[in-house]
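Report on the following structure.
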């Protein structure tokens, strides 16, 4: 497991056309990695994420995505993702295919992927219109009771990208706090990239901690603040004001493009991004 | 969630004929609860456990069990469970029905039970003779790929009984260390009894700890040493010498019956059991 | 007359419906305020579950997002998200689920997916999230949604969550494990399902709301219960507690973020 | 001549096969000794997984049971048992799985279930445990088992684990993801599958073992490789390390249990 710069990690491991899952349920969202994908101009990505957040709004608005697998696409506590809406409603900057689920369905699909099963069964989607619009929602019959259950195909991303609190020098990664479906998305992936707040000699001992083992981790990039404006429990809190500001920035194509140019395209890396927002190294 | 004496907990919540899972993978095996079931003379139980250990050998030898769902029935690191063998090979004290799985199959069955799904799918049992001898091992076809997978029916015990390190006064229970399939067996159960080393005002804060929530716990019994001769991480270690001695005790019906009479039937409770083995309150 | 806003009336009405000790699956916004208000008032032992995986949460301030750090810090414990949906919700271990939506119909079915046709929507909404399975599995659901003919509609554009389907026992016949919408708390009062038809009918009005207002706000021909209750005005204690919670929340969310190793210019 | 016992020879031979960094699914007994010996010698970064859920374990003494506290205390982390089987083993994340059995046949299929008919066995064995799926999913397996015509049999009483089935590519055709038994380490030496037929053949002998001894110990007509290797005798370092490990283990397991609040008379 090598420790790479984020630029090298994305260059080496994320290709045009890949299926990419950047998970994090409000917490530990890999913003820095998403920005680097935008800087490197990846195209035609199949993006997967339970809750497309601002970072997916940005990727979609910048034309990186061909397809989106998701279950809830909003700005949490604020409202719409305007770039996602513009893509779906108006095909701008181009058409976006949707593979739409519920949270329970996405969770089951990640779990199946992590276990290398081809599908997950669950009691879901009953009497909703979702299956009529998604051929990836089917049914399976219990071979014991005859009951019919919903079935979703496993998600096995080409690359899963996470942000976590810590990695050790061997490449073991530990996460604390709200962990969403990150562990399952990680274990389901063909490659796993992780940005971390800190790299330590040894993870703090914690017998039943949530750890991603080094031989499952493809590369680690040391990227402090890499979840900002989302948060990293124990390091910094969520910049709720930024999430609120994003509503105005993203509402119009012009203000969105200008912001992306100034803060992502014209910055070299995550430190540059933070600097462009008025942060100065202490 | 009431805190009961172990005697009352078993009296109120374990009935003849029940399906009972007493889990614990080497660690935290609920010996005290098993002894109390023997003392109270329960009959016709359907016992479930991945690794029938000494406590199941005792329950079977004392005639409490009608059926056994399991995946490995030995004395770990020592050899056979002689009472289990005697029941299967010679029908003593009476016939025992077997519902035999692999660990992977049992784990999938508990997970399905915990999620209230009727079956679990897994890649297992391929090219083995187990399915030919167990109609509870079937197959299911993936509705996406057409692949055939193994299927096992959910396990939903009438009662799951666990031993754990701690409960708080509200009845939340926390486990540390090797946790086997305890959490899944607990969530799969219709009733959940837990014996604990200590009852505390509040569980030690540990964000991602393994906790069984109070509204899932039917009753807690305070029973220090309740996993002995198995162990409770942070409290006492496994009495390996006892496991080795059990081989000779259990090898013959007479020595087994004499031991059970002296140490279980003729003792009032777990303190009495420990006393009969030469332990004295410090 | 306490000068309560309609948002406050909705929140307090919802809080009053929650009995102590019940297990609630909470959403962001009004439901989160209602559940925490109940906890601070008459239901200190209510168990709040947020779908991010926090269980037994006791936040001091309301979260802006479903996964705020405050929720994890004050939780009894935090589990991976798949467990929330499989071991808790699907397993039938949730008493009350809260739902919102963009549209509701007369049988409590909900739309939070699209306005217009799915393939070419005029408005793409955020989507289902955890709602379809909350609607299916929670023992009962409470819907919180402000009323207008655009939100309380005769015909949904998309059914994201099952309420009572076409009513007259259809939900029970479909085998849905949960009981469906027990109440719709809106800004004029409360709708409840008719015992036979399950059609939502006006069951209660806020102190200063009128039946005419209710009928005008609903896009179908609203049935009115023979006995429309008058909802008691918020007490001073209720209102003070709620306002203090909101004040604490505003203050906390104004606190600037500290990023280790950086200062903000 | 180092005076090594056959158990020691088997353990050391197995340890030598483990490359540094490989991920091993370990069983109790000889496999556990072999894996930890490898870790103490040439493979400090070997990852040991015990099915109880301990990952990256570095025990100072050998466990008596698969779930000894020592395994948890020295693990990188501990996961619930279902994850071990789904996210690690079934997901193809295990390089080497160790297996034992009561019976093995010429194609490396194993029986650990019954001797005699299943419904009326003359000997009821402990059963499958994790073995069928280790045999299926590990990239390769090593079988450790002392030889006698009762254990190395022409016909299994029960097939608990798939080896190469009937050989001649049958395993690969069955779609089994793992490669099957790469070696059978027994008390005269090592059997390996023939590249075409996958029938186990004598591949290597311990320093003081003979071909005649091997043939006598095996209950089928044992094929012999054209080049039977002679396994180098244990080095003094190997033997000292193994004996010190066993000595530490014996000492630790003699330590009396401390039960809080009790003293033993």
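Residue numbering begins at 1 within each chain, and the chains themselves are lettered A, B, C and D in the order written.
Methods note: a residue touches a chain if its C-beta (ideal position, glycine included) is under 8 Å from a C-beta of that chain, and two chains touch if they have at least 3 such contacts.
From a predicted model like this one, the values you see are computed outputs, not experimental measurements.
Engineer: Smallest number of touch links from chain A to reach chain B?
Structural biologist: 1
Engineer: I want to compare two interfaces, A-D and A-C. Which one has more contacting C-beta pairs?
Structural biologist: Here the pair linked by more C-beta pairs in contact is A-C.
Engineer: Roughly how far is chain A from chain D, going centre to centre by Cα mean, in whole Å?
Structural biologist: 41
Engineer: Distance-wise, how many Å sit between the C-alpha centres of chain B and chain D, to the nearest whole number?
Structural biologist: That gives a centre separation of 27 Å.
Engineer: What's the distance between the Cα centroids of chain C and chain D, rounded to whole Å?
Structural biologist: A distance of 56 Å separates the two centres.
Engineer: Would you mind listing the residues of chain D that make contact with two or more other chains?
Structural biologist: Those would be 72, 78, 86, 90.
Engineer: Could you pull out the residues of chain A that touch at least 2 other chains?
Structural biologist: Only 115-117, 122-123, 177, 179, 207-210, 233 qualify.
Engineer: Can the chain contact pattern be summarised as a line, a ring, a star, a complete graph, or none of these (other)?
Structural biologist: Contact pattern: none of line, ring, star or complete.
Engineer: Would you mind giving me the full set of chain pairs in touch?
Structural biologist: A-B, A-C, A-D, B-C, B-D
Engineer: Taking the touch rule as given, give the residues of chain D at its contact with chain A in the complex, in rising order.
Structural biologist: Within the complex, chain D touches chain A at residues 21, 23, 45, 47, 55-56, 72-73, 75-79, 86-87, 90-93.
Engineer: Okay, in this complex, where on chain B does chain C touch?
Structural biologist: Listed in rising order, the residues are 114-117, 170, 172, 174, 187, 203, 206-211, 213, 215-216.
Engineer: Please give the residue numbers of chain A that touch chain B in the complex, ascending.
Structural biologist: The touching residues are 115-119, 121-123, 136, 138-145, 147, 149, 151, 153, 176-177, 179, 207-210, 233.
Engineer: Spell out the part of chain A that touches chain C in their complex, as residue ranges.
Structural biologist: 25-27, 50-51, 70-74, 76-78, 80-81, 84-85, 88-89, 100-104, 107-108, 110-111, 122-130, 133, 177-181, 183-184, 210, 224-225, 228-229, 231, 233, 235-241, 243, 274, 278-282
Engineer: For the complex, which residues does chain C have touching chain A?
Structural biologist: Result: residues 28-29, 51-54, 63-69, 71-72, 78, 80-82, 85-86, 89-90, 113, 118-119, 121-124, 126-133, 136-137, 158-162, 165, 171, 174-177, 253-254, 257-265 of chain C touch chain A.
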